[in-house]
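Chain naming follows the written order as A, B, C, D, E, F, G and H, and within any one chain the residues start at number 1.
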Amino acid sequence: MMKIQNGEKLLFIGDSVTDCGRAAPAGEGFFPALGNGYVSYVAARLFSAYPERLIRVVNKGVSGNTIRDLKNRWQADVLDVKPDWLCVMIGVNDVWRQFDSPAMPETHVRIGEYARTLDELMTITAPTVKNIVLMTPFFIENNPQDPMRAMIDEYGRAVKEASERHGTHFADTQAAFLRVLRHNYSAVIAWDRVHPSLNGHAVIGDAFLSAVE
Amino acid sequence: MMKIQNGEKLLFIGDSVTDCGRAAPAGEGFFPALGNGYVSYVAARLFSAYPERLIRVVNKGVSGNTIRDLKNRWQADVLDVKPDWLCVMIGVNDVWRQFDSPAMPETHVRIGEYARTLDELMTITAPTVKNIVLMTPFFIENNPQDPMRAMIDEYGRAVKEASERHGTHFADTQAAFLRVLRHNYSAVIAWDRVHPSLNGHAVIGDAFLSAVE
Amino acid sequence: MMKIQNGEKLLFIGDSVTDCGRAAPAGEGFFPALGNGYVSYVAARLFSAYPERLIRVVNKGVSGNTIRDLKNRWQADVLDVKPDWLCVMIGVNDVWRQFDSPAMPETHVRIGEYARTLDELMTITAPTVKNIVLMTPFFIENNPQDPMRAMIDEYGRAVKEASERHGTHFADTQAAFLRVLRHNYSAVIAWDRVHPSLNGHAVIGDAFLSAVE
Amino acid sequence: MMKIQNGEKLLFIGDSVTDCGRAAPAGEGFFPALGNGYVSYVAARLFSAYPERLIRVVNKGVSGNTIRDLKNRWQADVLDVKPDWLCVMIGVNDVWRQFDSPAMPETHVRIGEYARTLDELMTITAPTVKNIVLMTPFFIENNPQDPMRAMIDEYGRAVKEASERHGTHFADTQAAFLRVLRHNYSAVIAWDRVHPSLNGHAVIGDAFLSAVE
Amino acid sequence: MMKIQNGEKLLFIGDSVTDCGRAAPAGEGFFPALGNGYVSYVAARLFSAYPERLIRVVNKGVSGNTIRDLKNRWQADVLDVKPDWLCVMIGVNDVWRQFDSPAMPETHVRIGEYARTLDELMTITAPTVKNIVLMTPFFIENNPQDPMRAMIDEYGRAVKEASERHGTHFADTQAAFLRVLRHNYSAVIAWDRVHPSLNGHAVIGDAFLSAVE
Amino acid sequence: MMKIQNGEKLLFIGDSVTDCGRAAPAGEGFFPALGNGYVSYVAARLFSAYPERLIRVVNKGVSGNTIRDLKNRWQADVLDVKPDWLCVMIGVNDVWRQFDSPAMPETHVRIGEYARTLDELMTITAPTVKNIVLMTPFFIENNPQDPMRAMIDEYGRAVKEASERHGTHFADTQAAFLRVLRHNYSAVIAWDRVHPSLNGHAVIGDAFLSAVE
Amino acid sequence: MMKIQNGEKLLFIGDSVTDCGRAAPAGEGFFPALGNGYVSYVAARLFSAYPERLIRVVNKGVSGNTIRDLKNRWQADVLDVKPDWLCVMIGVNDVWRQFDSPAMPETHVRIGEYARTLDELMTITAPTVKNIVLMTPFFIENNPQDPMRAMIDEYGRAVKEASERHGTHFADTQAAFLRVLRHNYSAVIAWDRVHPSLNGHAVIGDAFLSAVE
Amino acid sequence: MMKIQNGEKLLFIGDSVTDCGRAAPAGEGFFPALGNGYVSYVAARLFSAYPERLIRVVNKGVSGNTIRDLKNRWQADVLDVKPDWLCVMIGVNDVWRQFDSPAMPETHVRIGEYARTLDELMTITAPTVKNIVLMTPFFIENNPQDPMRAMIDEYGRAVKEASERHGTHFADTQAAFLRVLRHNYSAVIAWDRVHPSLNGHAVIGDAFLSAVE
């Protein structure tokens, strides 16, 4: 049963996987403001299945963001918007910079800072936002020994723990992609294993929808 | 139960509602070749739900086409491609020109020619293409007395009759939109009542998926 | 008999139907500053018919505006410009957002606020501007039961009442379009029923000219 | 009384003053195919005044054309299109090149060739096209002793004679502009005295309409 | 004998005829900073004839300027640059607006204001700038009774009087063009009779050079 | 010792890794015709180290090519150019399509066809081209069990065998990248593990140079 | 005394120094068809000094041309145009490629071929073209021992000899630049010593004018 | 033996030869931030040869800079970045302006100011930056009597003296180019003798690498 009710407002926040060319600053409205990723896919599926609910969707993804950036804009982009549902997917840049820019430590957000900041944000948000969905970051790689995949898994576990500690909904996007990778090589979905094609965004979106049904 | 099997090839043909900026001439492949309408929505939902089936999707929509244009490119764009599934949605331009260009009769495709051509195409195609899905054209208008809506309904009935005569699958997109219009004014989906937003494309795509499950 | 006299200044204010790509901020002058809608059509007809009058035309339309926006810029864009003739056509966005963005109530300008604001603006303007022409907003739809048409009619009646209360000239653009729609489907003039082709702008312009002759 | 009847097709042919950015090759249809000069002005006025007549308008102007060029494309662009009304305005380039490129005689179309070609075209066209309107070329200059104005007047007289000899309708655009120039300097309408602003196109269009009423 | 000496700095100021796409703000230097009008023509002729003098040329023309605009930027664009030679050609926009925008009196700079401002500028400049060349504005029209030509002549006379009163060099560009117009129609040089082709800029440049030799 | 002699011509052929934006059709000359990948890196290192040798470098890479495409253009792009040195690196697209487009078998070039075609090309080329360098294709992935890496290794072995059979020079680019991957994650060099940054092109270029010294 | 008479046609042919962005294919006419180099400078000076002569100027320069290219297009671009005056300046690319592309001998036009081709062209042209001006190529370098300067001087001597042998006019542009270089370093005129600024084009143009006066 | 150690940061500062389209303001990072000149060439060679060292490279070149500009941004662009290695190549604009803009003395940085400023910068930097490499500016001209080459040599000597006085590493790029010019004319490397092709950047880069090995 779909838990999102009539007239409720959903806010998605995250990095480039969420952003996908959304309109700025608003990220909602009649014109194609939701970008062309999983956020607009979710909005479309909800509209088609529940046209009577008048669900409102807002996209606040920003390309390149880490959880450090989310913290800086949390008041303006989350709390001030007063969503009924808040969905957060963050972490791939926190990890990626450690792998593609090893010589630039100031761009790295290590697991300690990541887990601590997520906890902090949930602590201040949980009292005022009725429903929260935490989604793991993901890396579209089938080999669990791959160093970046292994580190993303660690960040995903931190998301899971935060979800349990704060009693939020939870969607495991890494698990959703692993189900697909049993039958497909990663290149089917994303050459860089990070930015999925529309097919991959459907995998994310369906994982989100499972979490709220 | 999903009727599309492992490794089957789906071909969608139609007008601008199908086209949606697809790549030309191929209309398939790794890069975003399927456009941003219901065809890529259907492909994404199939991929996410049936990642093991390796279903192949081809988009052969061309903006502005009437059934007269489809007939001209049928050999090259349908028969030569040898699809396992053929999905046809055509007719809105056949009707629209009668309403927006009344002084240019050479652009009008009247119901007789429309029904006759559709029958002809099905007669030559049904023997060689295993599965055919005929979809009605649609006009996102709630008032059945509206002259253009009334005429589209007539073209939709011709599609239904052709579907029954030739034993094809059938998707009633007009009915799908009417279900949505019970709760929403047409402007929510399309200012011009013809080219839907992504939300509207999900309505078409879900109607298609219902027809093949 | 043309009521606009030698050397008088006409100011048109409104939304995208008035704007039509006019130059900003000035909206007048030798270069094509008046946009390509009814304002430049009116200017051209006046020039051709009354070349000796040196009538001055200013376009202050802004796309997307509601009457709330007009109020905000009334001092700068109307009173400070000191027109001899003021022509106002506003309201379609006030209504449209209620139909295309039902989940975003902050964008809706309901009839109460609309009528009240119009009355307010007329009260402060009528003493200083010699001639005022109030034009109804319009929706190019023949069916009076259509919900958006019905609501536009209601806003049009508010314009008519304000016109009578403040003794202004009055042009009923909705009536002018209905005369055309007796012989033509709405799509001849505008696919979205709001932004007319040049043919439709002539209908508006001729309605304006009738009001000042 | 408007002489253009229900469903009749008007074809305008000429140079850049007629062309004005019209669509090519067709020069008609729903999209803004008529350019932004007197042709679309005439179409708009006819539509607004006679919405029930479904008059069809075609623009076949080509920038830079002289009557030599018209002759070359007469079969394809006039006779094959089978208009009910044919409107011709040509000659300014025939004259202008004699004044701006005096050293390039191969670009000059002198009065003898001009008058002879016009006569030829009328001889072959009058039997098959029901209504013809010949319009003089014009030069927006008030001084009849100006050499280029004097020569344009000569070409205009040739148009008048052809009109009388072949019994066509006639519109004297030069006279229409002179009426305006009694109150305005030429720069109000056109810096180069050849390509008018929209205000000037209304002068041409109104001259045409007078000729067919 | 060329009066411009080794290492001297020439500053040209004026409107679009001077500007001609010059670099801003500097208007000098190795790259093509002088625009493509008479200023670069003069610089090129001086360089070719006097390569040993290292003459420095600065272009401070601004399109659309009237003498009112020159006054506003006189300190920054003339006095602060400390030229050895100052060349001023201004006035065509002061006059033109009276002819192309008769209904916008705020854009007109009438002869009184023009002559007074020129006198004012000369009074403050003559003591500090060693050499001044005043050039008349011009209108490329052979007929002295043409209203705009007549008015330009009046402004030219004001320039001549200022030149005599303040003892400056003087170049009569109108006279230079009249010499050309004895053999050529104005359209050979400029369709709008204001902005000359390169051929016309040579006429201006040669008039300037005659004044300083 | 550098084996490339005075005045010798090097021709590089391959796919996008070779192409890198080179000029077409020529792929050589004074202007930056060699693209910005390993070919221009090699040319620059040769120039700096052996400025006296006047070595000529030609780039004939074409993005997206497989060995099937090389065969089609071998006569025109290799034999007709008569190089002294021929360097071939091909195969990543032959493999990649099997992984990113599994449903499109017509785009796959399997190992049998690959090895056979390479052998064929060497058989016809070795008699006429003095020096040949065969380079393995590569996939910047450290895990030898990764399916695409495993397949690239197989294609690389086919290159090695062809090199031995035909007695050509040989450069193992995969080995060169594995040396780098001992200290760096693949993302340092290429997000998609196929198109390297300039740093990665230096790895390829240095592998080539080792093979010819 | 200027030798170019009333109504005569001048044709300039050469390489990029002549081309300078001229219009193609015609290279003449009202619009800025002559490019922005010495050809338009000469045209402008002639017009300003001899406005009564109606001299016609055609630019047939093509960037990158050598004398080999001129030969290929001589019939179409010179003989068919039937000039009264033919001006040829060619050779810098014939030389330059020997210096910037030493490894590409097929791009070099050595002195033997150069002199022979020039002689050939003059032999077929001198009988039909009344006046010919041969101009030397140039290299803006003061040091006669510079290898490229030395070679250009050699080509210039070949031009001089051809001029004497065929009795043409002659302009020594290299000498003209050397006069300038006595007082200026080459960088004042051209960073690459080949493509001059407008100042340098005036030097060429003045050398041409001296030759025809 | 390579002196640059694990994890050290190299900062290059200079003019357009260093800049080469680098990203601003950062000049480092995963994306191609280092431009396409010798800085990225050096980074690529270091990466390929020492992949285990994780050397960090920063490009702070700015086109058009003289040593005066370096001084103005020294604190922000050098000292605040805290490099382990600082490499400076500056001076060609200091010299070039004296040759291409002789009439604009305010753009000239003469040898006294140059040497004094370099000394000043070294005095404040040497105590805090562990390793400094001073590179001479260069002019790709073989003739030592050429006036600009002679002056560049003088500036190069000032760099050498500063290097000796402050005990820095030193790279003589002029000497490196002279070695190349023994076999090649300057045009092979740079038409303007200042901005080298990639081949020329390799010459600079190899000179740098020699200095740090």
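Convention: a residue touches a chain if its C-beta (ideal position, glycine included) is under 8 Å from a C-beta of that chain, and two chains touch if they have at least 3 such contacts.
The shown structure was predicted, so the numbers you read here are calculated from the model rather than taken from an experiment.
Taking the definition of touch as given, a chain qualifies here only if it contacts subunit B and subunit H alike; those chains are A, F.
The chains in contact with subunit D and with subunit G alike are E.
Residue-number overlap of contact pairs with D-G passes half for only one option from C-E, F-H or B-C: C-E.
Between the interfaces F-H and E-H, more contacting C-beta pairs are found at F-H. Centre to centre, using the average C-alpha position, subunit F and subunit G are separated by 45 Å.
Subunit G and subunit H, compared by their mean Cα positions, are separated by 40 Å. Averaged C-alpha coordinates give centres for subunit C and subunit G that are 63 Å from one another. For subunit D, the set of residues that touch two or more other chains comprises 30, 54, 100-102, 184. Shown are all chain pairs that touch, namely A-B, A-C, A-F, A-H, B-C, B-D, B-F, C-D, C-E, D-E, D-G, E-G, E-H, F-G, F-H, G-H.
Chain contact summary for the complex, subunit A toward subunit F: residues 96, 99-102, 143, 145-148, 184-185, 187-188, 191-192, 194. Subunit G meets subunit D in the complex at residues 7, 9, 28-30, 54-56. If you check the complex, the residues on subunit A that touch subunit B are 30, 32, 34, 36, 40-41, 43-45, 47-49, 51-52, 54, 179-180, 182-184, 197-199, 201-203, 205-206. Interface residues of subunit B facing subunit D in the complex, by the touch rule stated above, are 100-104.
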